[in-house]
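Should a chain be cited, it is by its letter among A, B and C, assigned in written order, with residues numbered from 1 in that chain.
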Amino acid sequence: MNGQLPDGAMDVHSLPGGAKAALEAVLMVLDQPATEEELAAGLDLTVDAVRALLAELEREYSGYTVKAPDVETASVAGFGSTPRGFELRNIAGGWRIYSRADFADIVGKYVLEGQTARLTQAALETLAVIAYRQPVSRARVSAIRGVNVDSVVRTLAQRGLIEDAGTDPESGAILYRTTSYFLERMGISSVADLPHLSPHLPGLEGIAEFYDADRM
Amino acid sequence: MAESKPGFEVRLANFTGPFDLLLGLIAKHQLDITEVAIATVTDEFIKYIRKLQKLGEEWALDEASEFLVIAATLLDLKAARLLPAGEVEDDEDIALLEARDLLFARLLQYKAFKHVAGLLGETLHQEGRRFPRQVALEEHFAAMLPELVWKHTPKQFAALAEAALRPKAPQPTAVGLAHLHGSNVSVKEQAEIMGLRLQQESPLTFRALISDADSTLVVVARFLALLELFRDKAVSFDQLSPLADLAVHWTAGTGDWSADNLSEEYEEHL
Amino acid sequence: MNGQLPDGAMDVHSLPGGAKAALEAVLMVLDQPATEEELAAGLDLTVDAVRALLAELEREYSGYTVKAPDVETASVAGFGSTPRGFELRNIAGGWRIYSRADFADIVGKYVLEGQTARLTQAALETLAVIAYRQPVSRARVSAIRGVNVDSVVRTLAQRGLIEDAGTDPESGAILYRTTSYFLERMGISSVADLPHLSPHLPGLEGIAEFYDADRM
């Protein structure tokens, strides 16, 4: 059953590390916690199989060498007896990998180092574009600013100044809008209170969305 | 990428095979560029592109633009090659040989970049199969971040937005025409002006024809217009000695020629 | 030496999993590649120690059980012989965790944005010229490619693959160079790791100097 079909026909067991490694690969890059059902759907496994694999990974990361006889895995080598620096946690029904709580002080110190309390010029300009053109996708902000804004958008979201506003029905791209924290910092009560811009500035109509068009 | 497609094949009296191979042979000096009938290559290529278009192949444009670059270079190369060279005797000959090698170097360079572009594309694709872990900061860490220093008034913020949203003035481009847009000069218009003038008085020197030009741009446009007129056999030139005044004769009958004949490429304003 | 002092007095070796797990914990919160120096400073370790630990983790994740006798670790249990679903890679001068390429089809279902849009042939060629000739003006790229590259350059900048590198002192033209995001996307450490151009120049032996001399 080796994938003629583009999706879904992938047999996770045939890959190196098997279903467990595939699950791990997904968990490592997931930003939002995923439910067992979501994981099962993407991996083409039953919810029970996913649940067993999650339990196994959770134990492995905590430093227990496990044998899970009821789970069919290509090889259950497991981890050693030392806990890893990360852990798998189930929070509000969703699973995600986090840095292990034991290391919170070290990680916290690392995170704080090099952090500034000021937004960069690039971040400010990006925020301004989002504020005046919301809801707007990153691709459009990039098109307006002429540079890639991915990391700046992440910083702004982390700072609580912007948030996810659903997806664009056409392109499927995530849209962003400013938050109430942003209004608070600006000292205004709604985005309608933002000063008006010159009416001659272009709106979004003229901006090609390069992710969609994909022709260059 | 269209690596597996059959590609364009050339059929000439002395060579039949893929276009790339033809270039390779010229590169290795195993085929003399002067023996390649570029017109034939071009005809064949146009046929090939038409066929692709009919099949709705989307890379026809890519391939056509590539062909244009290569064909233009081949043409330059051939022109350089056909000029009498013989023994390398003086600086001019050496300059000619250098020009030839430079042209060839340009062609090879283009091919090399095309090739590595394929490699880059392949690498980007392969690397795209790995996803970096870039998750949002865990909440307890995010809460540790220092409070944001915010000093912008709504007015200042609006000014920022104005600046960011204002369309950026386009930079002068490779062809360098963007800076000419200030004054609109049309080759067609200039052809008309000169046509009328030459029909009243012929011959006129080029110097006289541009004596009232108020900018370099007008001079350029008139020069281009003259080339067009010459091609349409509306004018002829004579020049007694190199760098002497160029005399322009009106050769078309009155009313036989109109600026509407000018080719489309010059209808645009410079 | 258990932290009276808020910072710096933390001994990473005293924690479960030791320095290696602490390093792993930090790797979990990175949102961009971190250099060995940054990691060393954050963990209060020497750069050499961090380098050795990174190498060890890299091997562990790839499924090799390791013993690193020159590294002092609380316990070198190592991983089993199965590759994990993720890998540790040194890219663009920094280290970062990636999902393993084998699982791209599965992980791709969860990661919505980015990565997907492929570059056109025109964009790739322009990118190649900029990568090998940087810093370079659009005019020079156009001269090599024989076509106007303005819109392609704009799109490459919007995608974050190239950026403004100041202006040419003589012509005043904007110069472009590739970004570290380009290196990340290419999976290389620096532009020096790009494949050499010369093998792709057939019959060039005699005229190689033209490329270096940069005259066209």
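General remarks:
Criterion: a residue touches a chain if its C-beta (ideal position, glycine included) is under 8 Å from a C-beta of that chain, and two chains touch if they have at least 3 such contacts.
All values derive from a computational prediction rather than experimental measurement.
Contact tally for B-C versus A-B: the pair with more C-beta pairs in contact is B-C. The greatest centre-to-centre distance from chain B, using averaged C-alpha positions, is reached by A. Central chain (C-alpha centroid nearest the global protein C-alpha centroid): C. Annotation: 20 Å between the Cα-based centres of chain A and chain C. Chain B and chain C have centres, each the mean of its CA atoms, that are 36 Å apart. For the pair chain A and chain B, the distance between mean C-alpha positions equals 44 Å. Residue positions of chain C touching 2 or more other chains: 28-29, 31-32, 86, 97-100, 107, 111, 118-120, 122.
Multi-chain contact residues of chain B, defined as those touching 2 or more other chains: 131-135, 137-138, 141. Against chain B, the residues of chain C that register as touching in their complex are 28-32, 86-87, 89, 96-101, 104, 107-108, 111, 115-116, 118-122, 124-125, 127-129, 131-132, 138-139, 141-150, 173-174, 184-187, 194-195, 197, 200-204, 206-207, 210-211, 215-216. Against chain C, in their complex, chain A makes its touches with residues 3, 6-7, 10, 12, 15-18, 20-30, 34, 42-43, 63, 74-86, 97-100, 102-103, 105-107, 109-111, 113-114, 138-139, 142-143, 146-148, 150-151, 154, 172-174, 210-211, 214-216.
Taken together, the chain B residues at the contact with chain A in this complex read 131-138, 140-142, 144-150, 152-155, 157-158, 160-168. Looking at the complex, you find that chain B touches chain C at residues 1, 24, 27-29, 59, 62, 65, 68-69, 72-73, 101-102, 104-106, 108-121, 123-135, 137-138, 141, 170-176.
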